[in-house]
Amino acid sequence: MARVPPGSRADYGFFRALPTRWRDNDEYGHLNNAVYLSLIDTALSLWQLDQGIEIRGPEAARFLVVESGCRFHAEAGFPDVLHAGLRVAHLGTSSFRTEVGLFVNDADTAAAEGFFAQVHVGPDGAPAPLPDDIRARLSRGKPARA
Amino acid sequence: MARVPPGSRADYGFFRALPTRWRDNDEYGHLNNAVYLSLIDTALSLWQLDQGIEIRGPEAARFLVVESGCRFHAEAGFPDVLHAGLRVAHLGTSSFRTEVGLFVNDADTAAAEGFFAQVHVGPDGAPAPLPDDIRARLSRGKPARA
Amino acid sequence: MARVPPGSRADYGFFRALPTRWRDNDEYGHLNNAVYLSLIDTALSLWQLDQGIEIRGPEAARFLVVESGCRFHAEAGFPDVLHAGLRVAHLGTSSFRTEVGLFVNDADTAAAEGFFAQVHVGPDGAPAPLPDDIRARLSRGKPARA
Amino acid sequence: MARVPPGSRADYGFFRALPTRWRDNDEYGHLNNAVYLSLIDTALSLWQLDQGIEIRGPEAARFLVVESGCRFHAEAGFPDVLHAGLRVAHLGTSSFRTEVGLFVNDADTAAAEGFFAQVHVGPDGAPAPLPDDIRARLSRGKPARA
């Protein structure tokens, strides 16, 4: 299991502060693994809303999450504030992959890095090409240095 | 993004019934992605307890989760009962990977399949070889057909 | 703060087994307070579904939760199974109060007892008398000995 | 069921901003009831830490939550930011009651108001008088106008 070195803040953009909650810590006194995914989900939703991508309602494009994952580099726990940075790492015909780095308080090195792979589907539930306006909005998340 | 076909119940063992809760559904009316990870975490903990692997207290070996992930094949939602099957897919010197398949109600095909990669660490936090008795217990999770 | 003695299983009906999850425990090694409310919510939703009361979709009557509460008598924690019993303690013109007792494993004395007070509202959001068929279904939850 | 009118920001102190998460919304598109309790729990923990009251470790005084409750006045949902204000409404010999008001974004009227009643217990688990230094710290939470 080769360890990938953790990313830094410069690898991500669009930072949002996500404070932890008492209940986020599990019995080990650190953030439970599922909480990281919930924070990543939140960063992703905030970013999509910020880009004007509807995530709700009958007009919203439908994105299925087909895969998620997270690598853990360092521990975090309540009352830490996590800072979530985001990048769109892959933008395909009907699918895209958003990656989120979570940084604890002032740290420049990520405590965790996760992703969601999403597929745009049509009314029949089958993969469908991303509409042009959504593609344009998603492409704003591509990292400058990529 | 090549899709891996979903596994079936025969690929896993040690099934546990994990009923969903009202709050597990998010605004889309389906299980939130983080909930799957929480169910996988629960299946893993129940299995380790069942094998006599201490997960708490000063005597407990310390396993760091270094990576988690989940692939989603089909939707599930409250009040579905998810059935979690488990297998130890990799058993290395100091690390191991546990995979969990989640099956909705009577379905034989997994709705989601996830994993936790864990590393045994010593008191100094550095990776340390798995103790023999824990290795023996973990090896009971290896799939018969592997 | 006068302590009310805990209820017993005979005070409730319609039991459902709700297994705990690893993540339900907080840093103190016991179920977090919010988890009890989530289990009570689940017991309530399962019971309403069982009684044929729609809780979703355009046809569903709209019940606003105006108050919730929980008294804690004893500790519980993963991997305990909680058994939720329910009763409809009050059934008014437009409002009703559902109480849920949570019993740990084989215990006959409740570890926690909580309630939701709900008000039926019309399309304008104002309280509206409970429709007859819903009143009839809710009244099945009244405790026999009340 | 007499409705108590909602409080305003002036009824509380020690405000903290608690952003909502995508997963906080349940299927109805609003914050799930258990989430409010989790936010109240967080506000309480942040305040106790801020007052120098240890909430962890072998030195920490042990406070059992004996009752919690919440009244709901208005709806809230992701991506709202909730602002939690706090007051210590009762300070007895061994017990105290902390109340938290949750205000949505710029609202001056509480969307929800909840409480935790806690009892200080000794090593034997029986109620024990609050130590003087903790009493002094808790009394800082008493509302000025009370």
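Going in written order, the chains are labelled A, B, C and D, and every chain counts its residues from 1.
Everything that follows uses one rule, which is that contacts are C-beta pairs under 8 Å (C-beta built on N, C-alpha and C of every residue); 3 or more make two chains touch, one makes a residue touch a chain.
Quick caveat, the model's predicted, so the values are computed rather than measured.
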Could you quickly compare B-C and B-D and let me know which has more C-beta contacts?
B-C
Copies chain A and chain C touch; is their interface built from the same residue numbers (over half shared) or different ones?
same
Farthest chain from chain C by C-alpha centroid distance is chain A
Between the Cα centroids of chain C and chain D the separation in whole angstrom comes to 22
Once you find the CA centre of chain B and the CA centre of chain D, what distance in Å lies between them?
35
Dist(centroid_CA(chain B), centroid_CA(chain C)) in Å evaluates to 30
Residue list for chain D, restricted to those that touch at least two other chains
22-23, 27, 29, 32, 34, 38, 41, 56, 78
Residues of chain D defined as touching chain B within the complex
22-23, 25-27, 29, 32, 34, 78
What residues on chain D touch chain C, complex-wise?
1, 3, 27, 32-35, 37-38, 41, 56, 64-72, 90, 92, 95, 97, 116-117, 119
Provide the residue numbers of chain A that touch chain D in the complex, in ascending order.
17-19, 21-23, 29, 38-39, 41-42, 44-46, 49, 56, 78-79
